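The structure is given below, and queries will be raised subsequently.
Order of writing sets the labels: A, B, C and D. Residues in every chain begin at 1.
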């Protein structure tokens, strides 16, 4: 049988999302792929927030509210990131983040 | 007009503005010359004359000085309105003095000193230029200011007027300098005669600077400003004497003039410093108020003392040892101290107390209202020092040697600077500082003047260079003025200064016209018979000659008679100084002789040099018109009504307005004698002059007496005079040669010992630094470079970490997070366990 | 196995696999599609956890907004028909290793940490009448004190009494966040506006 | 977990699954049926508006079964995937769109309690899931590998993302009036006569209805906002490359969402499942018992929804298509400020109306005014003799040889 579903299960799901996001950021050469990675990371964190809200009555409200805030912030982040990507594209004629190496040592 | 004195300031600064304008123009032209191929540079360069000099600068300078003349004329009229002349009753001298002393309780303020004015704020302003402080108390202040009195106005008129005329004259005379290339026949180079660019503009540049300096000198209300201008006119003289600096004689003359003046200026500085140290001020009015007992006290009541306007001498009270801050003095005629009165003496009760008791409480550092003292001999030295400066500037014996040499400069310069104005500055300063001079100093002045006038006149007899004759004549006339001042003839001396300026300018310009007409031939022996060729010049020269000779109704007659009368009066008072009358009297005759000789040699008789004669021509209008104007003024400048009365003229009375009361009081009896014996002195001189004129015409016109015969008859005297009394040789022997010898030895010492030491030190240091350099390069730089190389290498390795790839940074971020987790968990476990 | 558990595994599997697919997929638009499933799955997880408001917000913001924006970005910056950017095998390997490392660290922490739990109102989701989640959320925004349960704070050092909790109204922070979002949107619009490029061939 | 061997012992465990599957089946069947009906309706409406007859043969006089025939044709059509297309995205695009439309039905109450899941935030949930529909369209447009499809998808994305904002804000207006986001709750509040409907509650809700309906039309990409499939410009927009079954699914999604937004409109504004002719406090359950009453409720609700869909079709075939910039301007420059103004206005109204009771007169004024207008329009329409397709249209060109246009006026 399946193991019991508890807080840890959700945390592990969040961790999986988080790690996927981090790896996505690290691996995608496309700037928009990096942006997707960021969204994944935020979702992973949000899953944790909501899970805590569910499993710890102290955080019943706060967990959800923080998740909401994170979502709104993610929207802001996505908008600004997209603007940056467009500018980046204007300057480099590509969205390959590996071309943004002007500041390398 | 609120402060008409500003007119004079404006008149002073006009030539300065002209100078700056010309300087700017010349500088711009010089700056534009390298870039004259560019449009802008080319337009500037060509606009400023291009390769040839242009006349614009001359017009600017002439306009400036002309405007200055107009301004000073307006100022003069305003001044006369402010200070109407009061008729002076010529009564018995003693009576007048006594009346003056006792009668007039309330005296007009402006008679307090030569510089006192009816309305000071209208005519004088002074601003602090620099201030020296000793602790909290202002020690002394250098100020710049103007102070207009009647002497200033007259001097201003004279200087600006003559300068204007000479500017106009120069436009014609310096015409040669307008050419792009001037060939100087007197300078020989390997390529023949020197060829250079014309310096028309530069000439007027210097003239403008000179005019500014001279006017500023007259304008000044303090000795410091006078000194500044003094040096400025000195440098202008230097520049203009050396105008043809390629000529060796010209540059030598310039240097000689400059160095000789340095001797005089050394004395001037000594005088200045003494006054600064002891009196603490250089302002004329303050100086006189401190040295002489003032006329009025605080309530404007005349001081009831016979010591008014006199130098009050005092002796240390016996038994009273000087305290820390002062000493007790007893007023006595032969005392070795001079009492210094408070600057604002009218506010002082101390003065009245001192005069009442005869005991002066003199402080070493007097504060406001307190009295001070200085040693009498120091005051004598100060006066002599200032006089030495005047000796240098006015070419008095023994510093007269530079003036004849200075004739190397262009003739207008000689006329303006070395005859009419600058050399008169010495006389002017003696007159200005008259209250500073003690009787001993005045006697030195008188004798200096006496010796100078006689010596110069005798030398002038044998000179053949037309300008040299005039130069010695100038020295002689300056001697007259000095003598007049020395014997108390303040008015006579300055009166002669003014008249002399006109006729000497006339004579110099006339000689300039002759030289110009004869193509720069200055030797009189090559002239002769020029009268038909240049009538205007000849007639105006004749007028000038008659004026200087002292023919009645010519202006020179009035002033020379006044001097002779003053000298006679002085001799009547002090019979042992009879020489002070005999020398000028005799010289009056000599003057007439050599001047007539000059005129006759030049214009009368037959031409002695056909070449010169044939090419001789009358000068252009720009030169003759000033001559005519100057001739008119030479005749008429001293006229008054009645015509025979010298003291009736406006000029005389204007000068008289600023005569220091000290001169009037101290020489009251002399004046009285002089007034009485005026006719006697004048007649004696006139007789001598007539004899001299006849003598001269016999020799040089009728050829009754041959000058060559006379020369052979008195070879010793002729050689003595020809060599100018051997003064130059004397200087050469006692000053120049020893100085050269000493300099030679000094040079040897310098090159051998000092340079050797320095060289050895240098060599040692070089050696040392070579070792130091090796150490530096090898060890210190090596260490630094090693550090840098190590850092560079490490950095080179480390820079690869900064890949610039966003993604690798994220990887590092994640790795760092993992590391932090690991470390944190370790510590948390540790804490839990502990 | 009750519905909750089954749904969790279904949703978690969908979410996790989609997330991995996001990482693995080379085509960026396909990644976006997988991301859609991931986000939808996460929204489902929220619904499962009783946070229906957060779930709906997740859907409307992420799927309706951000994801569309991302696809916009792809379309505005794509030069070829289907953009792919290859990642080298070494990078794959390194990223994988690091990711696994991170995952193991987080897993260890999540599993080993003694989380204080009090699973509550697990049956509240059964009907709208009993699930007062959104009501509580609204009350919390308005700062109504009684809505927040008073319990001990977690993560507080042991042996120390936590301070008295103060009731916070989240309305002001929410307003600030929304104004922030507005500002960011205006800024983003400004940043991304069409600029005339100099020196570039048209 | 205890070991239970009997099937019935599993009943408790399985019942939620069964219920869920049943609900889904019912809903999807309804969706399918209504889609079939809408296709037929659309053809008939467009035909009548264009002075045609439309389908007349299949399934009887009115062509009832025309859509079924069409569907059969589509099902047996070859499923073409273009070479340039991204096959995976091309395939899943329609399903995402359909899922978005279908999910909205979960929270949509057809009657009092007749709802698959009674959510507290039902309306919010519906808006959220309906916003996912466009993603399928974008994916389909992008994956087709055709520029027309890509343009269509892009336009769709831009348009819908923009129109979502005023739509959501105008939804909040009745939510504020009702004080709940639970659609069942909102429906219950509008029991009784029609002046209890929220649309007549105050001027702001009245305006909000029109704003919402416009936005709903636009977000269903219906004409005059059908830029995504503008056939005169983009061939067929995002579904240019689609054929057969996938194309059918796109259309099911579109008609499904049309009904969904119509349902939302009717619940939020038009009284939901209430007929509006019962006296205050009365509803169908009270009259006819729970089951039958609810049946009537469902019928009323569906009819209301269909009527609104009919209005959309009416509009579609009446008004010309806008340009894309006009579409965006309509949203951003007019609808968005209007909706914001309405939101503020209704908030103020709620505060003020609590104090000033006479303001409720506005309610009756709006209700009866609208009723009068509606009745007048119906009367006008009924009183005007229908112009049959066989007759000449007024103002048309006269046919050569005929006696000229003869228009039958009413007697």
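Quick note on the criterion: a contact is a pair of C-beta atoms (placed from the backbone, for glycine too) under 8 Å apart; a residue touches a chain by one contact, two chains touch by 3 or more.
Remember, it's a predicted structure, so these values are computed and weren't measured experimentally.
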Leader among chain pairs (count of C-beta contacts): A-C
Most distant chain from chain C by Cα centroid: B
Centroid spacing, where centroids are CA-atom means, of chain A and chain D in whole angstrom: 35
Chain centre separation (chain B, chain D; CA means) in Å: 114
Chain centre separation in whole Å, for chain D relative to chain C (CA means): 31
Computed distance of Cα centres, chain B from chain A, in Å: 95
Where chain B touches two or more other chains at once, by residue number: 807, 811, 814
Multi-chain contact sites of chain D, meaning residues that touch two or more partners: 1
Where chain A touches two or more other chains, by residue: 1, 22, 26-29
Interchain contacts (touch definition) - all pairs: A-B, A-C, B-C, C-D
Chain A residues within the chain C interface of the complex: 1-2, 4-13, 15-24, 26-33, 35-37, 39-40, 43, 46-47, 50-51, 53-61, 63-65, 67-69, 71-76, 78-80, 82-87, 89-90, 93-96
Chain D residues touching chain C - in the complex, by the definition given at the top: 1, 13, 16-17, 84, 86, 88-89, 92, 96, 118-121, 124-125, 127-129, 131-132, 134-135, 138-139, 142-143, 145, 150, 154, 157, 161, 164, 168, 181-182, 184
Residue numbers on chain C that touch chain B, as the complex places them: 91, 94-95, 98-99, 101-102, 105, 109
Residues of chain B that touch chain A when the two form their complex: 798-808, 810-811, 814
Complex contact set, residues of chain C against chain A: 1, 4-5, 8-9, 12, 15-16, 19-20, 22-23, 28, 31-32, 35, 38-39, 42, 45-46, 49-51, 53-54, 57-58, 61-62, 65-66, 69-70, 72-74, 76-77, 79, 83, 85-87, 91-92, 95-96, 98-100, 102-103, 106-107, 110-111, 115-120, 133, 136-137, 140-141, 147-149, 151-154, 170, 173-174, 177-178, 180-181, 184-185, 187-192, 195, 197
